[in-house]
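Remarks on the structure that follows.
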Amino acid sequence: MYAVGYFFEILREIPGFFLRRRSGLRVLTMQMLFTGFEALPVIAVIALGLGGIIVIQGLSLLPQFGQGQLIYTILVIVITRELGPILAAFIVFARSGTAITTEIGNMVINREIEAFIATGINPISYLVVPRFLGVTLSMMLLNVYFNVFGLLGSFFIAQLFQPLPFSQYAAGLFEAISGADVASTMLKSMIFGALIATVSTFYGFRVERASTEIPQNTIRSIGVGFTLLIVANGVLTLVYYL
Amino acid sequence: MKFKIRFARQIVGVFVILGFGLLLMIIVMIGSNQRWFARNYEYVSEFQSASGISQGMSITFRGFQIGTVTSIELTEHNVVAVRFNIFDTYIDKVTENSVMQLVSHPLGFGGGMVLHQGRRRTDPLPEGSLIPSINSGLGRSLVAQDLVALPEEPDQIEELLSLLDPILRNIDAVTQEAEQLLAEVNAVLAGSSQGPLAETVAAVNAVLLELEVAVADIGKIAGNIEATTAEMRDPTGLVPRLLGAEGSIARILDDDEELYREIEKILASVQAALEDVQQMTEYLVSTTPQISGILEESRQAIDTGQEVLMGVRNNPLIRGGVPERLEQPTTFQGFRDEEF
Amino acid sequence: MSGMSSTETPATDIQPCVRLRNISVQFEDFEALKDVSVEFPLGKTTLIMGPSGCGKSTLLKVAAGLLPPDRGEVEIAGVDALRGRPRAMSEMRKNTGFVFQDAGLWQNMTLFDNMALPLEFHYPERAENVVRREIYAWATRFDLSSILPLRPSTLSGGERKLISFCRAMILNPNLLFLDEPTTFVDRLGVERMLSVLREKKASGCSMIGVTHDADLTSQLADYILVMKAGELREFGTTSEIARSRDPEVREILADVLDEAATYDGDILDLLEPNGDLF
């Protein structure tokens, strides 16, 4: 319940961020560098692998019952609609969520949070909002990259099995993907990003005095965060099909 | 400071711009693939009845979809106004004197709204203009003046016949196979005792005779249908003649009634023929297990015979004995196991 | 607490800058503050004294609104620090400064950024070079301008303290909280700090501090608040407290202010007949 209030507190502080761009922008940039850019290699590897596996399995299985064309639909469903956002979210959570919890926890121990309050800098507005925006934006962008890598990777893997021109592959793919798919995947990654940022900062602030609380809260944030991600994914998928 | 930190702003900038660029590209690709940005041209047509017309119905020209029906409404004058879009890639097909036709397929599938181009090559009609339906006064007069390029559509009955043809050929093939089978069975059973097997063979022979008769029937029916088609062709040829010089609508209507009766008769005979075919197919189906049962039993008999021969050859007194043999599982159950 | 007339606010006609009412703070099983009520006078310097672990720092943090008490009310510059609207709180904080006992610098920022952030946050419209000039002005005053690009972890305790002090000063506060500002700071640093604080005091800045430093006390203190074991022992003007007959207070003062407290009350009376030390 307190966490919900915390979430709305973040939302309330977001407009202020755009008024005080200069100080927050640096934090936002750094957050996006660490969360977005640095996660790119992992995302690329996983996306390429996933796309490859789908194509390998699909091309050996689907033509058996004459549904070769279904490979595009499966790619779109798995990469764009389902696994793309959630896998990217897991990676971002494991990388940046834990980092944020640890960092904020350390700041609490070092009395840096008190220093923020004392100088009249709202920790939510200075620490959380840029991270919130940064993680959310990075999440959405990583999702785009995940899709690009996943769908491109599957093309290159497909090339090994049955060479087909890119134009044909692209046509098949863009026939299968719909605007609703893109909207759904972007909405998902946006919500996942917001969720990751909220949970990880929230547990960072839960640290009170001892530095041993930092790993404890990090573990707790991972447990709660992953659960929430899966639940949110389920709910969003349900909404999509309703 | 590390390179990454120093150029954080630039790196993140590229990351963000590239990401959004890719997203935009994907959206544009989807859009262009699914015609989000293509401009559509709207036209109107008027029909007497909305039955058979639905929203979203595709508009075709020589089998290509060139547009969709966007809305149907009943006007004050009890005319059904049908609004439809033509895709911009096909806009040049909508020339002056074009007419619309609602085509319904006699078998209940396919069909749709068809555009018939005007004969003269002109610039496309301005958006929102009326394209008359082929049955309206305007449309009929356009057709009468031979301003509309009507494609030579294949006769529908002929189409039906062409559908029947492969069925007949199939039946023929089945008959041939059955005959072959029987020949084989006969060959196998030749010289053996006159048990139930022979009786069944006789029965099968009878079946085959009946089959032949049925095939002959079908041939006759087909002949009938062809005859009726010929008759049909004549009245259809009548239509333009009536529309042209003599122009007596009452007479056309009279003729039309005749025509309908004719068509009704033809359809009835076609149905009868189809029923015959169905009966025959059913009969064939029901006899198939019997035949296969016979085959199976004879195969087993041969196997046993082979075994005996092998046994004799390998007689322990003479040689090694009966060898172990792997039983090949049969695909069919035995004749007696089959439930009828 | 009852029966101790000296714990009452000494001068009711003086408007308080910070008003604390019935504050209790509990750290797990340890009661750090027990029902403390205090009004810190506006425009004056109040120093909190007492033996280690008596709750001085806790009281200061509660007074600065950094530590929400378990019970009681806190009012800073007329704003309810516990239930006040965030905007009013932010406005109020713009004009307060806090020097932390352990400096409380932001570890992953350079010292320059540590000083720049409050300015950038509260005055986003200020141009970058103005901010830079202001920061260098403060740093030069403490001879720190050469270390500004460094991070706090590379500094000595004294340097950190001075940066923390500069950071508190940069917003030009009219209410200053000082938590042992002089510890670890060398003589010269303390001298420079004192000169700044004297200027602030002259310009009417209210100050509340915790210190063991005799110089600071003798040069700045208007009021002294004596604490013991989470309770308010005595609160009064410097001369009143210096003349206290309470043996415990005298003992505490002797610890904190080795010189001033050794004077006999009567001698003080002779020296300062008005009871006004400065």
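By letter and in written order, the chains are A, B and C; residue numbering begins at 1 in each of them.
Rule of thumb we're sticking to: a residue touches a chain if its C-beta (ideal position, glycine included) is under 8 Å from a C-beta of that chain, and two chains touch if they have at least 3 such contacts.
Please read these numbers as outputs of a predicted model, since none were measured by experiment.
**Q** If each chain is a node and each touching pair an edge, is that a line, ring, star, complete or other?
**A** line
**Q** Mean of the CA atoms for each chain, then the mean for all of them together: which chain is nearest?
**A** A
**Q** Just the number, please: Cα centre separation of subunit A and subunit B in whole Å.
**A** Chain centres of subunit A and subunit B, defined by C-alpha means, are spaced 49 Å apart.
**Q** Quick one: subunit A and subunit C, Cα centre-to-centre, how many Å?
**A** Comparing mean C-alpha positions, subunit C is 45 Å from subunit A.
**Q** Which whole number of Å gives the spacing of the CA centres of subunit B and subunit C?
**A** Roughly 93 Å separates the two chain centres.
**Q** Under the stated contact criterion, what part of subunit A meets subunit B in this complex?
**A** Interface residues on the subunit A side: 29-30, 32-33, 36-37, 40, 137, 140-141, 144-145, 147-148, 170-171, 174-175, 177-179, 182, 186.
**Q** Looking at the complex, which residues from subunit B come into contact with subunit A?
**A** 4-5, 8-9, 11-12, 15-16, 19-20, 22-23, 26-27, 29-31, 33-34, 36
**Q** For subunit C, which residues count as touching subunit A in their complex?
**A** 61, 64-66, 86, 89-90, 92-94, 96-98, 100, 102, 104-108, 117-118, 120-122, 124, 128, 167-168, 171, 177
**Q** Under the stated contact criterion, what part of subunit A meets subunit C in this complex?
**A** 19-23, 103, 106-107, 110-112, 114-122, 126
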